[in-house]
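Two complexes follow with chain A in common, the first pairing it with chain B and the second with chain C.
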Partner chain A sequence: MHYISTITTSGTSTTLIDFQNIPSSYDHLVVYASMRNAGGNFGGYTMFFNGSTTSDVFAQIGIGATNTTLETIARNDNIDLQLFPIASPDAGDSYTSSRFFIPNYKDTSRKMAIGEGSGRFHTRRHRYALIRTSSTSAITSLQIGNGSADTLAHNCTATLYGMKNTK
Partner chain B sequence: MSEPLMKAIVDCSTGEVSMVPLTPEEIAAAEQRTEEYLALKAAEDAAKAAADAAKASGIAKLLALGLTEEEANALVK
Partner chain C sequence: MAAGEYTYEPIQTFNITTNTQTVEFTSIPNTFTDLVLLFYGQGYAATSGGTVDSMVIRFNGSTSAIYGSWNVEGRGDGTRYAFKENADTGIKVPITAVSSQTQNPSLAKIDIQNYANSNAWKTCVGRYALENNGNATFDTRQAAGTIGGQWRSTTSVTSIQLTTSAGAATGFVSGRFTLYGIKAG
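Then we have the complex of A and B:
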């Protein structure tokens, strides 16, 4: 796995992280992210590709500390990967930790990505998520944003890695 | 006046990070996500409240039948 780039938020007005000009020299992408909401809304976080907010299908399964029921939420009209679970931004909240695997990101066919994250979010502490993008474009940029209009807390960090199919 | 919403952009080819204000379209999209998210959460809250209420009702009925609280909780776990 090769390091590509990282972003760490330093202020309180950032609401979107944007990896642009992702190199095409890898086979798969991996993202590690530590996020926290700085605003007043409860909020998951969203991931989308190539700046598109309309061409993805999203499903997630949440596992709660007190509720062990698996839930799948399918959304057909938006992009949300609400995989950065976090509750209201009170002082007791910590940064969440999430990772995503985005295989075959250069394919010009529909692609899927899978991720998991842990944190404090409503009744569910751990979530698995699946994105299916209906776009057939190769992924050249990747955005991670707050699920609401709130901003990200300072010191949110997202790091992008590339993987190659070589021994 | 509040600070403008920004996005942090990293150019993966150079590693350069820049801060750029969100466009009106991006702000509108974020606000739409807020509305969608709050609606989703409200539905989840309602479902959980209904499940909790059903569980409490079930435990009460089991207690009325003579089970201990430990036994009732074990059955509805």
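Then we have the complex of A and C:
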């Protein structure tokens, strides 16, 4: 796994963590993120590609738990911008933790990614989900957020890694 | 971590574009602490539109019924599912099985711990996802899940075989398979 870059939020006006100009020299991408919102309880965030939250059709499927309640994420062909939990200011100094695996990101085929997010917002939640886009475009940028004006707290951190199939 | 530093070292990779019954990683060095297996592709099934079957993981060519698998998954229809098999001939990971490689992909990332140890049974833990939008006559499952597996042998793992179960799938119609080693320190 090859370190590409880290983005850390530093202000209160940041709405997205945005990795631009992702190099095409890898075969797969991995992202680890630590997330917290700055204001109200906007509940969650997701990952999307090439800046698009509307032109792609997403299927999101998964399983999770909120507090002690097991939940299933039924297929949703519209992007769920609050798919993964994000910590909120009423939860002390907590941040939520997540990881994403995005194979074959530069292929000209539909993209699938698996993501896992866990932590405390106003409830405790753990979610594991498939994200699939109908777009066949190579992924050149990757965004983490909920696509609205909701802002991220300072010190949210996401790190992007690349993986190669060969040395 | 400094830019350019590798933690996953590619050991071997296969890019399958025609029907292939078995993929085998051979001569796995014992110099790593753990192994990571990546799969992106489909099993082969003659059914029109596709179905869901299993990729079978075996170690050192062993087909003895000393493997266990257990998983939990969420499905696109809003249901959830759990599975356990304690005396099987391989660790089973759900994948799509289709007649054309343009259809319905699946992916898996399996971590195999302590593979070179000669005193412990071998275990693995992984994640998988699949989306089959095929013929409703068959399994049109869309799912994301986590899986655990065990090989009840203390033998060091030196090779890994990947095939499909005796269900609908007969080998792979396409797939990218990569085995990584994780180095300590």
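The rule we apply is simple: the second predicted complex is superposed on the first by the 125 of 167 C-alpha atoms of A that agree within 3 Å, B and C clash if a C-alpha of one lies under 4 Å from a C-alpha of the other, contacts with A are read in each partner's own complex, and residues count from 1 in each chain.
In the analysis below, a residue touches a chain if its C-beta (ideal position, glycine included) is under 8 Å from a C-beta of that chain, and two chains touch if they have at least 3 such contacts.
Please read all numbers here as calculations on a predicted model, not as lab measurements.
Of the two partner chains, neither chain B nor chain C is touched by A:T108. By the touch criterion defined above, A:I22 lies against chain B but remains apart from chain C after alignment on the C-alpha atoms of chain A. Touch criterion met: A:T46 reaches chain B, while chain C stays clear of it. Legend: residue contacts after superposition of the two complexes on their common chain; A:E116 is shown touching chain C, with no touch to chain B.
Contacts of A:M1 after superposition: chain C is touched, whereas chain B is not reached.
In the superposition on chain A, contact of A:G11 is made with chain B only, not with chain C.
Look at A:T151: by the touch rule set out above, it reaches chain B but stays clear of chain C. In the superposed pair of complexes, A:K164 makes contact with chain C only, with no contact to chain B. Taken together, the two complexes place residues 4, 73 of chain A in contact with chain B and also with chain C. By the touch criterion given at the top, residues 1-4, 27-28, 59, 61-64, 70, 72-75, 101, 103-104, 109-110, 112, 114, 116, 128-130, 132, 163-167 of chain A touch chain C in their complex. Touching chain A in their complex are the following residues of chain B: 3-15, 17, 19, 22, 26-27, 29-31, 33-34, 36-38, 40-41, 44-45, 48, 51. If you check the complex, the residues on chain A that touch chain B are 4-7, 9, 11-23, 41-44, 46, 53, 67, 69, 71, 73, 78, 80, 82, 122-123, 145-151, 160. Interface residues of chain C, counted against chain A in their complex, comprise 1-10, 13, 15, 38, 40, 72-80, 105, 107, 109, 127-131, 142-146, 176, 178, 180.
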